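The first chain written gets the first letter, and so on, giving A, B, C and D; residue counts start at 1 in each chain.
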Amino acid sequence: MSRSREFGIAPGIMPAGPRNAITDVPGVKVGHVTLSSRDINTGVTAIIPQPGDLFGDKLTAAVEVINGFGKSAGLVQVAELGTLETPILLTNTFGVGTCSNALIRWAISQRPDIGRETSTVNPVVCECNDGVLSDIQAMAVTEQDAMRAIEAAGQDVVEGSVGAGTGMIAFGFKGGIGTASRQILLQGSAHVLGALVLANFGKAGDLVLPDGRRPDPRIMAEAEKGSIIVVLATDLPLDHRQLARVCRRAGAGIARLGAFYGNGSGDIVLGFTTCNRVPHHPQADVCQLERMADKRMDDAFRAACEATQEAILNAMCAATAVEGRNGATRPLLSDWLRDGQNTGTSEPF
Amino acid sequence: MSRSREFGIAPGIMPAGPRNAITDVPGVKVGHVTLSSRDINTGVTAIIPQPGDLFGDKLTAAVEVINGFGKSAGLVQVAELGTLETPILLTNTFGVGTCSNALIRWAISQRPDIGRETSTVNPVVCECNDGVLSDIQAMAVTEQDAMRAIEAAGQDVVEGSVGAGTGMIAFGFKGGIGTASRQILLQGSAHVLGALVLANFGKAGDLVLPDGRRPDPRIMAEAEKGSIIVVLATDLPLDHRQLARVCRRAGAGIARLGAFYGNGSGDIVLGFTTCNRVPHHPQADVCQLERMADKRMDDAFRAACEATQEAILNAMCAATAVEGRNGATRPLLSDWLRDGQNTGTSEPF
Amino acid sequence: MSRSREFGIAPGIMPAGPRNAITDVPGVKVGHVTLSSRDINTGVTAIIPQPGDLFGDKLTAAVEVINGFGKSAGLVQVAELGTLETPILLTNTFGVGTCSNALIRWAISQRPDIGRETSTVNPVVCECNDGVLSDIQAMAVTEQDAMRAIEAAGQDVVEGSVGAGTGMIAFGFKGGIGTASRQILLQGSAHVLGALVLANFGKAGDLVLPDGRRPDPRIMAEAEKGSIIVVLATDLPLDHRQLARVCRRAGAGIARLGAFYGNGSGDIVLGFTTCNRVPHHPQADVCQLERMADKRMDDAFRAACEATQEAILNAMCAATAVEGRNGATRPLLSDWLRDGQNTGTSEPF
Amino acid sequence: MSRSREFGIAPGIMPAGPRNAITDVPGVKVGHVTLSSRDINTGVTAIIPQPGDLFGDKLTAAVEVINGFGKSAGLVQVAELGTLETPILLTNTFGVGTCSNALIRWAISQRPDIGRETSTVNPVVCECNDGVLSDIQAMAVTEQDAMRAIEAAGQDVVEGSVGAGTGMIAFGFKGGIGTASRQILLQGSAHVLGALVLANFGKAGDLVLPDGRRPDPRIMAEAEKGSIIVVLATDLPLDHRQLARVCRRAGAGIARLGAFYGNGSGDIVLGFTTCNRVPHHPQADVCQLERMADKRMDDAFRAACEATQEAILNAMCAATAVEGRNGATRPLLSDWLRDGQNTGTSEPF
C-alpha cells in the first residue's frame, strides 16, 4: 500500500496530522470488511465517530450534497437536526438497506430503549456503485458484514481496494478508500480535521495532479458514472451552520483533481465534530457550546479542501489490482507514477 | 370505514375527483399489506405511480422536506434529478431498509439490466414511527410484505388503520392512511391532483376542524413525536421546479388542521406528475415537454393544500380501533364526530 | 386602532407578552414613517433589533423563504453567515434600493470604519407591493424617510395602515402592519417571541378566522398577488439552525388563516435572537454560546405560529380606511367584525 | 489587453467559441462604465441577456450561491420563479441599491405598465467589494452610470480593469472582468456556453495555473475577503433544474485555480439560457419547452467549469495597473507571466 506522499505528491500547504488520516481526530476509528470472490468485489467500511453511547450523546454533524445522484440513507435528518447518532457505514449502492438494518440492530443492542421507550434511530449509510468490478445485483453485503466492519474498527486505516472501496474506480484507474488530515492551531491548542473518501468518480483522462501532470489510464473513456463519498471529522468547535460550510469546501478538493461533479456522480459530503456533543436526554433546557470565530473559518475550509484532495490521491495510490466481473480490471495510478512520469498526455493542460 | 364528507366536513372550495382519491389520477394505484398481531400493528402501503416500465420511463417528481426528522430513502436523488423510477412504499421507520431492498429486487425483476448493463435504481421509501401501537424493534416487515403490497395495488384505496397506517396516531386519535383529490380545468381539459397521506402527527388537543371545532381525545397530551408523509400525484403538466412548489403547499394543508410541524415530526412531501415522462435511454439529445403557465399555479397550490387537508381528515375518520403493544389504544375521531359534537373544548379557539 | 383580542379573537393557547408585540423582546424597537397623499400611500417601517453598535455586535439571525416571489435585500448573507448587522427596514417593492442605501449610510455614520478599514455592511430590507393603493412608479420613499423611521423607533408599535403598511391589502380587506407575542418559560426564566408582519397577502374570500368564520370583503376576487413579510424576534437561546426552523413555522401561522402561499405572493420570514451576539472583531478564536435543547423547540415553534397568526389579524383589525390611487379602497375587517358577524359566507367551510 | 491564451494558457479540452466570450451566445451584449479618479476606481458592467422586451418575454434563469457572503439583489426571486426579467448589473457592494433603482426605471421606461397595470419587476444586481482600491463609502455609482453601461452594451467585451472590475483584486494580483466560452454540439447543431466573471477573490499565493505553476504576487498575504460573481449564458435547451446544476459547476472552475470559497468571499453564480423564454402574459395555460437530455449534461457541466476558469484567467491577464485609494496598487499577472515564469514559488505544490 503506497501513499501519495511517497510519490512526492502532497497537495496544499497545511501540515498533516501524525497519521495523516481521519483517525488523527481523537476517538475516531475505521474498520473494513472486504468481500472478494470471482464476481463479487465489494465490502463495507465503518467510521466510528466516537466510542461509547452515540445515541445517548450525539455528535454535531452536517451534510453537503454536491450532486445528489446517490442513494445514501439518513442525510435528511442530519441536515435538519444537525446530529449523528450511529456509526457511518459506506458500501455499494445496493447494500444501503441491509447496512441500515444492521445499524438499527447495532443501536438497539446498545440502547434497548430505542423505538420502545424513546424515539427511533437514524442510520447513516453512504454508497457508491461498484457495478463494473462487482456483481451488484447479487446484493452480497449482509448485516453480519456490516457488524464485522464496526467491530474491526481501529486507528490504523487500510487504504485502497479494501472495504467499501474494493470495487471502486476513479478517473479510469482503480479507486477505493483513502484518508488524510490537516492540523489547525486555535488559540494555541492543536486541532485536526481529517477526511476519509470512497473514491469512485472522475472520467478517464480528467485527472490533474497538483503539479499539472495528467495521468492517462489509456483505457477507453466512459461517461462519468461514479460517485464520491467524503466523510470529514474534526475536533474543532463548530456549530451546524459552520460544519455545513466546511463540508461544502470538500467540493473544492474534488475539483482541484480535474472533476466537475458529473451528472451521474453522486458526490456527497458528511461532516461531524467531536466537540459540542448533543445529549439525547438533556438534563437542562439550555446547554453551552463552543464555536470557532468565523474569521478563523478559512483554516477549516482549506483543511477540508486539502485533506479531501489528498485522501483521494491516497485512495488511488494505495489501490491494488482487482480482477472483477467479466474479467474487468483497471490500471493502477501507482504504476503510472512509478513508470510513466514522463509520458502523461501530450498536452499538459 | 367512514370519510370526512360523511360528517359534513369538506375542506376547501375546489371540486373533488370522482373517487376523491389519489387514484383519480389516471394510472395511479394503491395497495396495502397489513400486519396485525398482538404486539405488531404495522404494514406496507404501495403507491404505483403508473403501470409499465417505471425505470425505463421515469416520472417527473419533486420533494419538500417540511421537517426533516425522518428516515425516508431516495429523497436526495429525487431532489437532484427530478425523477421517480420505482413505486413509492410507505412503512414504519425500521422497515425502510427492507422495503428498499424489496424495491431494488422488484426493479431488477422488471429490468434485468439494472446495475449490470446500466445504472442502479433509486428506491423511494417513506416512513412514520408506529412504536406506540407496534413493537417496532421486531422489524416485522419483510421483503415479501413489500412485494405483496405492490401486487395488491388497485384503484380503490382502503383508508384508516390499514397498510403502513395500521399503527399510526394523529392528534391523539387513531391515525392512518387517507386520500383525497381535487379537479382542475386547464384550457378546457380536466386534470386532477390527488393526495395520499400517512398521518401520524399532531399533538392531542391541537386538531382544529374547518368549522373551528377542536376535537379533544381526552388523553394525556404527549409531545408531538409523530410524522406525516404526503404523496401528491397529478397529471398536470409541471416541471420539477413547479412540482416542488406544489409540494410545499401540502404544508399549508397540514397547518390548517392545527399542527405546526413539531420538532419530532418528520413531515415529508413527495410529488409526481404523470405528464412529462423522462426516458432512461432517451433517443434524442433534446426532448419536448409541456409546462403549465405559472399564472395558473394557484389552482395547483390550492388543490395540494385542500387535498392534503381532506386526506388527513379521511385518514382519521376512517381509522378503526387498534389494540396495540402493552394494550395501548387511541380514541376514534369518528366516535367524537358522532357523539361528541357539542362538547369540543370549552374554549373554541 | 383596534386589535384582534378586542373582537374576542385570540388564536392559540400560549400567553401573550405584556404588550402583545414584538417589542416585548427587551431592546427591540419599531418606528414608522407614513407617506400619504393622493396617489401615494406608502412608507417605511423600521425594526431596531437592539440598541447600540449592531455592526460591531451582530445578532444571530436566519431566513425562511416560503415563496420567493419577492425582492428583499440582504437575505442571502443572513442565510449564509447567520447574522444581522443593521436595522430591518420594510417598505414597498420599489423602495428597497433606496432603503438599502439609507441603511449603508446609517451604518457608516455609526461605524466610519465600514468599507474602509473593515468589511462592508449588509443592509436588510424587505418589501411588499402596494401598487393597488399607491403609485409605486413614483418611487416616493427617500433615504430621509428611511432615516426618520429608524429615528422614530420606540416600544409602542402602531399597527394597521401605517409605515410600510399604509397601502397594503390582505384577503381583500385593508392590510398593513401588525404585531403580537408569546411567552415561553425556560428553566424558570421568562422568554418571549414576538412577530411583526407586513400583511399584503391572501385572496378575497379565503380568510378563515380561528372560529371557522370566513369574512367576505364582498369585492371581486383577484389573483393573490400580494406578499407577507414576517419578522420574528426573540430572546431565546437559539443557534442559526434552530432559528431557521422557528422561522419556517411562521408559515403555519399564515396557512391557518386560509392562505396557501400563492404563486404571486412573496412570503418571507426573517428571525433574530438577542441572545448569542456575534462580535465583528472577536477577541478570541473560540466563543461560548447558549442553545435551547431541541426537546423544548415545540414551544418556540408554536409561539412563532401563534404570534404570526395573531399579528396578521392585528394588522387587519387595526387597519384604517385609505383612499388610494384612482380612488381605490378596500373594506375594513374591523367593520365586518363589528357589523357582519352573522353573515359570513353561506358555506361555513 | 492580453488574454490567457496569449500566454499559452487554455484550460480544459473543449473548443472555445469564436470570440471566446459570453457574447458568443447569440443576442448577449456587455457594456461598461468605468469611474476612475484619485480615490474612486469602480464602475458598472451590464450584461444584456437578449434584445427586446425582457420583462414581457423573460429568460429561464437559475442561481447557485457557493458562499453567501454577498449583497446581491434579485437572487431570491430568480431561484423561486426561474426567470430573469432585466439586464444583469455588476458593480461595487455599495452600488447595489442605486443600480437596482436604475434597473427599475429602465424597465418602466420600456414597459410603462410595470407596477401599475401589472406586477413589479425584479432587478438583478451582483457585487464585489473594491474597497482596497476605491473609496466605497463615496457611493460613487449613480443611476446614470448604470443606464450608460446598459446603453454601451455590445458584442465586444473589454476585459480587465474596466467597468465593475476597475478596482478588483484576485489572488493578490489586479483582478477585474473576464470572459470565455465553450462550444457544444447537440444533435448536430452548435450551441455555446459563455461565462463572464467579476473576479475579486483568492488569497495571495493560492493561485495555481493549469500547468501547476503558482504565481506569487510577492505582497503580504491578506485574508481572502473578496468575492467572485460568475454570470453564465447559454443557448442550450435547459430547464431551471438543469440550469441550477450547471451554475453549481462554475464552483469547480473557481476551485481549479486554487481557491476554496473563503469565508469572506461572496461567490455567486447566475445563469440564464436564451432558449425556453417565459412570457409575462402567456397566451395559453400550457406551453411547450425543450430540454436537453440529462445524459448530455456533462458537456454543459464541463463547459461551465472550463469557461469560468478561463474567464478568471482572462480577467487577471487583461488587468491593467490601477493606482487606488491611499496609493494602493496590485501587481499584474501578465507581468508575472512575461517576466517571472521561472520563479514561481519554490515549492511547486
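General observations
Please note the rule applied: a residue touches a chain if its C-beta (ideal position, glycine included) is under 8 Å from a C-beta of that chain, and two chains touch if they have at least 3 such contacts.
Source: prediction; values computed, not measured.
Between B-D and B-C, more C-beta contact pairs join the chains of B-C. If you average the Cα atoms of chain B and of chain D, the two centres end up 43 Å apart. Rounded to whole angstrom units, the spacing between the C-alpha centres of chain B and chain C is 33.
Looking at chain B, one finds that residues 67, 80-81, 245, 264, 294-295 touch two or more other chains. If you sketch which chains touch which, every chain touches every other chain without exception. On the chain B side of its complex with chain D, the touching residues are 80-82, 186-187, 237, 239-241, 245, 278, 282, 284-296. On chain D, the positions that touch chain C within their shared complex are 65, 67-77, 79-81, 93-94, 96-101, 104-105, 108, 114-116, 119-120, 122-123, 129, 131, 135-137, 139, 225, 264, 266, 268.
Those residues of chain B whose C-beta lies close enough to touch chain C in the complex are 9-11, 66-67, 203, 208-213, 223-224, 245, 248-249, 251-256, 258-264, 294-295, 297-298, 301-302, 304-305, 348-349.
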